[in-house]
Every structure is written in structure tokens, then in C-alpha cells.
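Chain naming follows the written order as A, B, C and D, and within any one chain the residues start at number 1.
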Amino acid sequence: MIDEKITIEYSSNPSLNKPKLICGLPGSGYVGKLAIDHLIDKLHAEKFADVYSSSFPPQVSIQQNGTVDLVKNSFYFSKHDEHDLVFLTGDAQPVSAQGEYALAEEIIQICKKMNIDEIFTLAAYITGKFSESPQVFGTSTSKDVVDGFSKFGILGMNRGNITGMNGVIVGIAKQSSIVGSCILGETSGYVIDAKASKAVLESLCKILKITIDMSELEKRAKDTEEIIKTIQAQAAAQGNQEHAIPYKSESDEKSLGYIS
Amino acid sequence: MIDEKITIEYSSNPSLNKPKLICGLPGSGYVGKLAIDHLIDKLHAEKFADVYSSSFPPQVSIQQNGTVDLVKNSFYFSKHDEHDLVFLTGDAQPVSAQGEYALAEEIIQICKKMNIDEIFTLAAYITGKFSESPQVFGTSTSKDVVDGFSKFGILGMNRGNITGMNGVIVGIAKQSSIVGSCILGETSGYVIDAKASKAVLESLCKILKITIDMSELEKRAKDTEEIIKTIQAQAAAQGNQEHAIPYKSESDEKSLGYIS
Amino acid sequence: MIDEKITIEYSSNPSLNKPKLICGLPGSGYVGKLAIDHLIDKLHAEKFADVYSSSFPPQVSIQQNGTVDLVKNSFYFSKHDEHDLVFLTGDAQPVSAQGEYALAEEIIQICKKMNIDEIFTLAAYITGKFSESPQVFGTSTSKDVVDGFSKFGILGMNRGNITGMNGVIVGIAKQSSIVGSCILGETSGYVIDAKASKAVLESLCKILKITIDMSELEKRAKDTEEIIKTIQAQAAAQGNQEHAIPYKSESDEKSLGYIS
Amino acid sequence: MIDEKITIEYSSNPSLNKPKLICGLPGSGYVGKLAIDHLIDKLHAEKFADVYSSSFPPQVSIQQNGTVDLVKNSFYFSKHDEHDLVFLTGDAQPVSAQGEYALAEEIIQICKKMNIDEIFTLAAYITGKFSESPQVFGTSTSKDVVDGFSKFGILGMNRGNITGMNGVIVGIAKQSSIVGSCILGETSGYVIDAKASKAVLESLCKILKITIDMSELEKRAKDTEEIIKTIQAQAAAQGNQEHAIPYKSESDEKSLGYIS
């Protein structure tokens, strides 16, 4: 294994109609991760590929059924009338800058093979303040998309950075002439924020012309918050831990499992 | 030398009968390292290979006889009726994520050449609390192994991560269709815990159908604890040290030595 | 993508007369960055190339028009009587030592193709003390250049390091027989220091025999200071932020935009 | 430039009689660096090669004459009756584990080309306590060398690590059948310790059967101490410095200069 080694393991090869990609990798506030897990759950999306990278944290992740697998990202899909949807989420982001660029390039290669021409990443817009009705912000590689955001209640931005995979995927998409947009939910950054995720999802659903039930989103946020508190308490009790309980989503629980 | 350079130096090429691999690399609580050092000692296991990697900490390690060698991992073997055993332990783990993935891949390649079809890694399950009778936890790449854990007094897990080589080796094993299992001993994480190591060894010995004398394990833990305290005191006295006394096991002391 | 992947995207291919390169990448005190942004603005320099590297921070940067692009460096040029000028600035420096060396080598290759035989980098000479009339220091790969510094009010130095791209570019230039010089403005290091930038620019303009209006430089410094304070306040409010408002120069605002 | 790029620039190609290599790279206590700078000075050793690596800190170093060069290591030689001597010292050590291993391999390749069959590295044995008459410790890849240490007043060691280039060079030497030994001077680790350097040099001179004047060593230590205090004061005054005054030895001052 030399440098970033990225391996894609396909469990199926779905035939998709004009698919679009939605990404929500774990980041600050879990806004995007919580949103995509809810989407995958409610749309009964099916896993079709796992992505392994030597730039992921060197860990295995214990699954619901007691077995174990390397930390990974996974692709899911769901069928729809106008555009089928592909989802990308996972346990972690790469630990290095080069690992992030390399993985984003690999993801864009996969998108090209699937004829995906538009990507949305879901992220957090952190303010340090609590908000009862969080706003939704957006940016895109396409000026047309930016100009159309207001129709979906999305505010534009004119400066700032989006760090991590939810940003880099959009930037690499641009270099391959794929339209990349990032939808960010306003959040304090202090809690797992179901309201921010819901706001992001509502805007995204308008764009994608789909509807999903939001009723369980708040419970999902509470469960996630609790798990993360447990992890942090354990991590505080030990400098150099070999074992910790991480954030684990329902979408992982119902995944097809990995076939080597 | 480009990137991770991994070198294997064989001092002998043992012919082994249906071997299984037991790994215990230094990690939190030294639970696995203490256990495997005891196993190697009591089973009179013989060293047959050293593993060097440019991802190990850039250090040499002074040996019992006053000579010096690069930080390394080493393979040992012992002969048994049903299954011969191979042991992997060492001075350190790689310093980078990529170094861990690369070394785990190399180890799995070595396993394949030796027809090893099952791997056990020994690790710590850190709770932050002291326990008089530590429990033993387990996970595996095989659902059958997980289902059989209860016969050996091993509890299953349904979430969490195992970080470092003791986790990654199991994850990479899965990708090569080798069954990988991790046995974790409950420990506070605050001391070198002979009780946790003993509990892990007792479960492992049941699985492997071997018996070993545990009487010296507690003394070994005390010696280890003392050495580590000395190191930490020295490390505290100096920001940027060039010289420190690390953990040094008896299994290293009796090793065959390295032939270049 | 393997290791440092550096991509150059040309939007035009200007024909230049005996060009010299001026570099000012963001570093401590923003002395060089503020100076080069002012130069680019006042000389109406035109962007002709963007440089992307997998060693840059893994981020996208939101542009003035609401669209987004990967963090990048950019080349600009302006036409003059005696020597045309090429400018290099950008959003960030690479995050690793190897990334800095690799990018500096790439920049020097570009210089060689453009027949650039002299490079000036603009940097900060940090003293920890405020100075009303900051001094200007200089060093060069050429003893002749060093000996001529006094004509331009530049003080020599006889020990010390210049870290980061503003140093490494000069060092790599030397290995390609290009004369590299670094002009450093004395600054406290605590604020965005228009006085230091102005002092550096005055010396540089004497060397290059050009004149520019300095009247807006102080306003530019104040704007920059304010933006950076906002960023730091936001960064303090969040450990692991996904979104932050970075330093954004006018030269970026008026850039040609990126054509993939 | 891919990964570690190491470049050797020879200014001359001396013909040497049964040469041995002495290494003293900057490390804790500057024990080895101070000793080798004194040796190079007193033996009028002549520089014949510079070593550049993309794993060195990304910095240029301002020379005594006001010009500038990339951070580097340098080889010197001096002619003697029985064995000619080669010296390796420099501005810095690599910033990464892989960079250290790669550079040590390159150095050993150079040794092989020069038929060097024995290497001594000079280092610090840090105790955290001040000692009026510091002891000298030693370890070697050769048991014979270890057994002979007592003749030169050098104490053996039976555990511990030697981190950094002064250790890794010895370890890599062993893998190429070159005898590598490390001589360590007892020091508190808190000051530049002329006494420790003198003790190391006295033992080394006995081994090498050479004599050198030690009278200026204490002055050299005081000068070094003062320069380092200045650097640390400056570094404390600035988080993210672009410019700092580092340790600069007389051996660098008299160096031949670099010819590209």
C-alpha cells in the first residue's frame, strides 16, 4: 500500500436514471450527517458500495450485529420519478489534507461513471449562538444555481470557507464540470441540532422535488446527542484510548453489510 | 526510501501446522502487550522475523546486551498439537494512519504466505473505572465467531471503535477473507492491569485449547508499571528529549537478536 | 491523486518582456500579502493562472459573487517599460513541509518557462514591539543584490530563518540559478500593519523603478484587520468549525474568475 | 517533487583514507551539535557537500555574509594519519518520521560510496539534573564495540531509546553492515552544556586517537546559549512567526558556501 490507497467495494451495480449525489459526511454540528441519515432512512435508500481509504482514521467500527469492519464511507441510492438519488455518508473523514483531496477526486470519478451531473453537500453554518428558526445558506460552483437559491429560501454568501469533505467535494466537482452546491444550516455548533438539519432538508427537498416525513428527526438528534456525550465522557477519562463509542447512525444499522 | 518502507528480516523459516496469529501491540493499558509477552515467555515461543517500517517512531532501542537496533515489530512461533501459533508484538505502532494501514497489509500478506486463516488481536476495553474482576469483550469479522464467544465467557459489543493496529489488522484481515477477532479486557486505563491481561489470556487459552501458568503475570505487570513511571518522570523533566527509557518486555530480552 | 498533486489552470498566456516575479503569500502580520494585494490593485494587474495543490488546506473559498472555488494561489501580470511584472499571491500556504517544497519547485518551473530571472518575496520581520517608522530588511541568494540593498534603504541581516513559502521560494530559486531576494518589513506581529507593508512597498518600488499610490493602503489594512478579528472571534466560539470567514483581498474580488 | 526529495550538492570530491563518520545533528541539549562544531573548527575540517531534503523544516537560513540558503545538512572532512574523518552536521533534522528514515538511508548510501565502515553519532543523555562531572554513555550495533567502551571511560546502557537522526543513522548503519555507535553525554537538558560536550569529545578523541584543544568550548557554549535564549524570547512574543533567529554555528560561518 503506497500513500492514499482507496478501495471501492461494490455490493450491487444499480441502473440509475439521471442521478444526483447528496453528500453528508460527519462534520461540526452533525447537521449534514443527521440530515442524510434521515434521508437514507425515510427514502429506504439501498447501499451499493463501500469506500475504504488508508487516510481514514486507523480504526475498525463495531457493527450492530457484533461484527467489525474498517472505518468507511458508503454509497446508497433511491429511485425517483425525475432524478434518482445517490447518497454518500460514512463513519469519518480522512485525517489529512491530501487524503481529503484524493478521496474527493475518487468520488468525482465515481460520479462521472454514473453520469451524475449535480452534487449537493450538506453542512453546518456555525454561529456560536442558538437560533429557534435556523436560516439556510448556500453556495455553488454555478452562478445560475446561486441566483436561484432564493426560490428555495436559501441565502447566498459572499465570503468564508467551507472546510473538509463537504467543501472539497464541491471544489473538485467544479474541476470536472459537475455542478457542486453546498447547503448549510445555521447552528450554534454546541449541540446536535435537529432544527438545523430539518431546515437544510426542507430546502433540499424543494430543490429535489421530493417530500419526506420529518417527525422522527428530533428524536434522531436526541439519540445522537446522547451517544456523543457518552463518547466524550469516556474520551475525557482516558488520554490515549484504544476503545471508544462513536456516533453510529441508523442508516449504518440497516446497511446491506459488506461483501469482500 | 519512498513513503512507507517496510522491511522483513527473517532469522528462520519455521514450518508450521495450521498456524493461527496472535497480535498484541503496545496500546492503552498495555493489556494486549502484557498478555502476549506472557504468552511468548510461557510457551517458549521463538523469534523468526523482525519487521522494520519507516512509519515507526524514528528511534533506536537499546537491547539488554548493550547493543542497539531500530524500533521494530517481531514475529515468534510455538508448536502445538492442533494448531501452531504465531505471535506478533513489538516496540511501537506506526506514527501515522497510512503507516498503520500499510503495516497491517504487509502483516496480512505474511499471514497468507504462512496459510494463517485466523487472527486474534488482544486489546483494552477502557472504562475509566477500576474493576476487581474485569470482563472480557470480543468482536470479529465472522458472525459465527461472535455467536460462539459466550462459550468462552466473552461478551459481544454492538457499537464502538477499536483504534490502532489491534483494530486495523482485524479490518484488513477481513478484506483478505481471513477471520479476524479482537479480544478486549476491561480496564481502567490508568494502570498496567495484570487482571485485565489475565482475563483476556484465560478466554484466549480456552479458544486455543492451550494452558499457561499465570502466576508471574502480576509481577510482570508491576515491573512494567515501574518502568513506565520512570519514563514518564523523565519525559516530564524534558520537553524535547533525545533519550528516554521505554517499556521493555522480557520477550524482547530473550529474543534471538537481529542478523543483518 | 498521489501525494502532492499540483494543477495549474491558465486563463491566458501573456507575452511578457523580461518579467520579474513578486510573491506575497499570507504569513505572519500579513505584511507581504497586504503589500502585494495593493500592488495588484494599483497596477491593474490581470490574473492569468490559478494554482491548486492537494497540500493546501482542504477547503473551498466562497467568492464575492456567491460562487465557490478550491483554496488556491494565483498568478497576475502587469506590463511596464523596462520589466513586466508577475505577481503570485493566494488564499493559503501548503499545510506540510513537503507541500511547501513541492509548490516552490512548481513555481520555479513556471518562472523558468516565462524566462523570469529574478524573484522578490515580501515578508514580515517580527519584533514583538510596535514601531512608528518600521525598518526594511533584506536578504538574497546573490551577494551583489545584498551589497546593493543600502541604496534602497534596506538593511542586511546576518542570521535568522525565513519560514514558509516566502522563504522556500527564494531557496529553491537559488538551486535553479534564479536570483531570489526577500524584503521584510519590521512589524510587531500583533496587527495587520499597513506601515510595515508601505515600508516594504517603498523599497520594492525603488528597486523596480515603479511608482504607486499608497493612500488607500492604511484603509486596506484596517479592513483586513477587521475581517480577521471576526474570523478569530468565530473560531474561538467553536472547536471544530466547518465554516469560517477568512481574509479576502480586493485582488481576489476583481479576479477574472476560474475557467475549468 | 514527489515525497522526500533529497539532493546532494558536492563542492569537492575528497580522496580519503579509511574514513570514519562523526555525526552531530541539532538535538536536545545541543550536546552533539556543540561537540561536532568544535571538532570541525579545531580540526580545520573542510566542507565538501550539502544535503537538502523536502523533509527539512520549510525555511531558508540567512548566512553570515547576508545571503540566504535553504535549511541543509553538510559534510566536512579532515585528513589524519590513521583514519581520515568525515563530519555530518547541519541546521535541522527532518520534520517527519519518514523524512528521518529516508535521510538516514541516503547518508548511509553516501558512507558506502566513501567506504566508511564505522559511524559515531554524538548525543545527549538527559537526566533532568545538573552534574559537575558528566558521565559518558555509549551503545553500538557491535557487541565488540560495547565491550570495549570501558577502556574509554564510556558506560554501557541496557535499556532506553535514542530518538531522532543521531539514533536512526546508527540503526540504518546496522542494516548495511556498517558499525554504528552512539556516544551520549550526561546533561540536565536545561542548558547548552559545554561540560557534557567536552566529556563526549574526550571519549571520542580517545577512540579516534586524536587530540583537540578544548579551551574555547565553554565560550562556544555560552554564545550558543545566548543565541537560543534570544530565539526563544522572540518565539514567545509571536504565535505564528515568519522570522526567527536560530542557532548558528561557527562551522557554518566558515563554510565554503554553496555552488549551484
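Operating definition for what follows: contacts are C-beta pairs under 8 Å (C-beta built on N, C-alpha and C of every residue); 3 or more make two chains touch, one makes a residue touch a chain.
Bear in mind that the values here come from a model prediction, so they are computed numbers and not experimental data.
What chains, if any, are shared contacts of chain B and chain D?
In this structure, no chain contacts chain D and also chain B.
Same or different for chain A and chain C, when you check if over half of the residue numbers at their contact belong to both copies?
different
As a multiple of 5 degrees, what angle does the CA superposition of chain B onto its copy chain C give?
180
Tell me which chain's centre, taken as the mean of its C-alpha atoms, is farthest from chain C.
B
Nearest whole angstrom, what separates the Cα centre of chain A from the Cα centre of chain D?
50
Roughly how many whole angstrom separate the Cα centroids of chain A and chain B?
Averaging C-alpha atoms per chain gives centres 35 Å apart.
Hey, what residues on chain A touch two or more of the other chains?
2-4 - these are the residues of chain A that touch more than one other chain.
Line, ring, star, complete or other: which one describes how these chains touch?
ring
If you go through all the chains, which pairs of them touch?
The complete list of chain pairs in contact reads A-B, A-C, B-D, C-D.
Where on chain D is chain B touching in the complex?
Listed in rising order, the residues are 2-4, 27-29, 97-98, 100-102, 105, 123-128, 139-143, 146, 156-168, 170-172, 174-177, 180, 182, 184, 189.
If you look only at chain C, which of its residues touch chain A in the complex?
1-5, 7, 52, 54-71, 95-96, 99, 227, 234, 237-238, 240-246, 248, 258, 260
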